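Have a look at these structures, which come just after this line.
In what comes next, chain A is part of two complexes: it sits with chain B in the first one and with chain C in the second one.
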Partner chain A sequence: MKQKSLTVDLVLITLSYVAVMVALYMAFLYAPTERTMGDVQRIFYFHVPSAWASFLAFFIVCIAGIAFLKSGNEKWDKMALASAEIGVLFITIVLLTGPMWAKPVWNTYWSWDARLTTSFVLWLIYIAYLMIRQFTADNERGARFAAVFGIIGFVDVPIVYMSIRWWRTLHPGAVIAGGSGSGLAPQMLATLLVSVGAFTILFITLLRLRLKSIYLEQDVNLVKQQF
Partner chain B sequence: MNNLLYLFIAYAFIWTGLFVYLLTIAIKISKARKELELVREKTR
Partner chain C sequence: MNTLKHIGALVYKDVLIELRSREVIWSMVVFAITVLVIFNFIFDPGTDIMQKTAPGILWVAIIFSSNLGLNRTFVKEQEAGNMQGILLTPMDRSAVFLAKMLANVIFISAVQVIMLPVMIILYDLPVTGTFGLLLLVLFLGILGFASVGTLFSAIAANTKSREIMLPILLLPVTVPVILGAIKSTQYLLSAEPLSKVYPWMRLLIGFDVIFFVVCYLLYEYVIEE
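The block that comes next holds the complex of A and B.
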């Protein structure tokens, strides 16, 4: 059983590595240089997949929170905690890479427009979620409160996604499913999709490894309590 | 600042963030395993 688990870990780590390398190759050598923005546009190939990975992570926090409240099974609580942590990592990457792209294109690092503000609020929500977890460690009531917070917090994800459709923003409009006039060159689209795939595999790998560490830490605490 | 420098900084944020997080998990797993092993040895 332990051997099988290690094999799955190794397969996932190898897959993540290969997928990220392919995505990097495509981002720098396969995708053409964007005409107006130049090379700095290549941030897009990891900025958007990071946002996607954070949305996926917060979706899992929401679903795991519902499952925990319904069943009371701790495995869902641990899943939500691990996923929230990784989600915060990815949304932090989004908030750091965005300004690096914005400065040469908009001539400013930050603008309080709808997409940027709702993304920042999303970051604050899940930082607060992690703080709740930190201050209510190993506490059933705290876990329930965090589950409710994680479910309500997820409301901001569709708002972030729709913000560029609902409001006029400085942030570029949707390039996929954005209606007429939107779209990407085929090579750019292929690169973006490969990067999204790579970050999805990376997210699954990180989630599995983080869950493993949470269970091991729990085992250590249990053993310590016995002696 | 050169556009390529912004590109470099953005990619540095991405890979440093991911690497540091992965390293943190690896340290946590290794520390927990060591502690478990220590307890097992004590109880033998």
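The block that comes next holds the complex of A and C.
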């Protein structure tokens, strides 16, 4: 059993390594330079996949939260916690790469546009999610509270986005499935897709490793209590 | 039918305690008015910026003062083990949530009844024909804020740092309410066409409905002694 789990880890880590290397190669060497934005546009291949990985993570937080409340099985709670932590990591990357890209292109680091503001609010919501766990003395109770908050937080995301989009928007629309004038060069699209794939594999690997460390922490605490 | 009776009894209890102790509403009012005074220092006298930003200030005052009141919802029940008593009575737990939420709506609305005239005088707000609509917007905003706020105050009351936790949980989630309420208030006060106001009011109603249902469904998982 243990041996098998280690093999899966090894395979996942190798896969992430290869996928990230390919994505890096494609982002920096294969994809053509964007006409107006220049090389800075290459940050796109990290920015968008990070956003995707964070949404995936928060989706898992919500689903695992529902499963935990329904079944009371702690494994779902651990899954939600691990996923939330990694989601916060990725959304932080989104919030950091965004301004780096925006400064040369929009001539400003930050604009209170729909997607930027939504990402920021998302970041705050999941920081709060992690804080609930930290500030609840009793683990079982903290898990329940966090599950409730994780579900509400995820339900809130589309509403936050919609409300802020009505308010103002500057961020480019959907480039892949948008209307006329949108669209990526085929090499760019390929790079983006590979990059999204690489970030997804990376996310799964991180999730698995973090889950493992959560179980190890639990074991260590049990051993501590015995002595 | 029975549930309605239970809710009525619980709300009556909360209102009665409040009328006798005058603990929550007056502190909220004083705090809200303090916010109005503090914000006044931003402006140079005699500019019209004051009127333009007044809706935002109004809602900041409402939201910050509501936080004070919402925080007390469950903390005051914990102090003498009241929550245990309430939970031991043979009634549905959803009644407890609905009653607490209703009591919060009443308290926050009461604060508005006192604060709004002060606001109108201090910030020279125009009282126009759409005043009824403005009251409706206030109510919709308070409703959305109170439903999520009641649920989160139950969570916050059971964490180590209760007073700090509530705003951290509540404010990011209620961004749509804050935005919708501020925008519709702004358009109503600057006498913009109503066609600009309605989308924002629809957003408020949508949020109120969705979050009322979600909070109602999730409440049983957070209610505790």
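The rule is short, and it goes like this: the second predicted complex is superposed on the first by the 212 of 227 C-alpha atoms of A that agree within 3 Å, B and C clash if a C-alpha of one lies under 4 Å from a C-alpha of the other, contacts with A are read in each partner's own complex, and residues count from 1 in each chain.
Keep this in mind: a contact is a pair of C-beta atoms (placed from the backbone, for glycine too) under 8 Å apart; a residue touches a chain by one contact, two chains touch by 3 or more.
Source: prediction; values computed, not measured.
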Given the touch rule stated above, what does A:Arg42 touch, chain B (first), chain C (second), both, or neither? first
Considering only touches as defined above, state whether A:Ile132 meets chain B (first), chain C (second), both or neither. second
Quick one: is A:Phe145 in contact with chain B, with chain C, with both, or with neither? Answer first, second, both or neither. second
With the two complexes superposed on chain A, say which partner A:Ala19 touches: chain B (first), chain C (second), both, or neither. neither
Going by the contact rule set out at the top, does A:Leu192 touch chain B (first), chain C (second), both, or neither? neither
Applying the document's definition of touch, where does A:Asp219 land relative to chain B and chain C: first, second, both, or neither? first
Does chain B (first) or chain C (second) touch A:Arg210, or do both, or does neither? first
Shared contact residues on chain A - chain B and chain C: none
Tell me, which parts of chain A touch chain C in their complex? 69, 121, 124-125, 128, 131-132, 135-137, 141, 144-145, 147-149, 151-153, 155-156, 159-160, 162-164, 166-167
Residues on chain B engaged by chain A in the complex (per definition of touch): 1, 3-4, 6-7, 9-11, 13-14, 17-18, 21-22, 25-26, 28-29, 32-33, 35-36, 39, 42-43
In the complex of these two chains, what residues of chain C are touching chain A? 148, 151-152, 155, 158-161, 165, 168-169, 171-173, 175-176, 179-180, 183, 199-200, 203, 206-207, 210-211, 214-215, 218, 221-222, 224
Complex contact set, residues of chain A against chain B: 38-40, 42-43, 46-47, 50, 86, 89, 92-93, 96-97, 100-101, 103-104, 202, 206, 209-210, 212-213, 216-217, 219-220, 223-224, 227
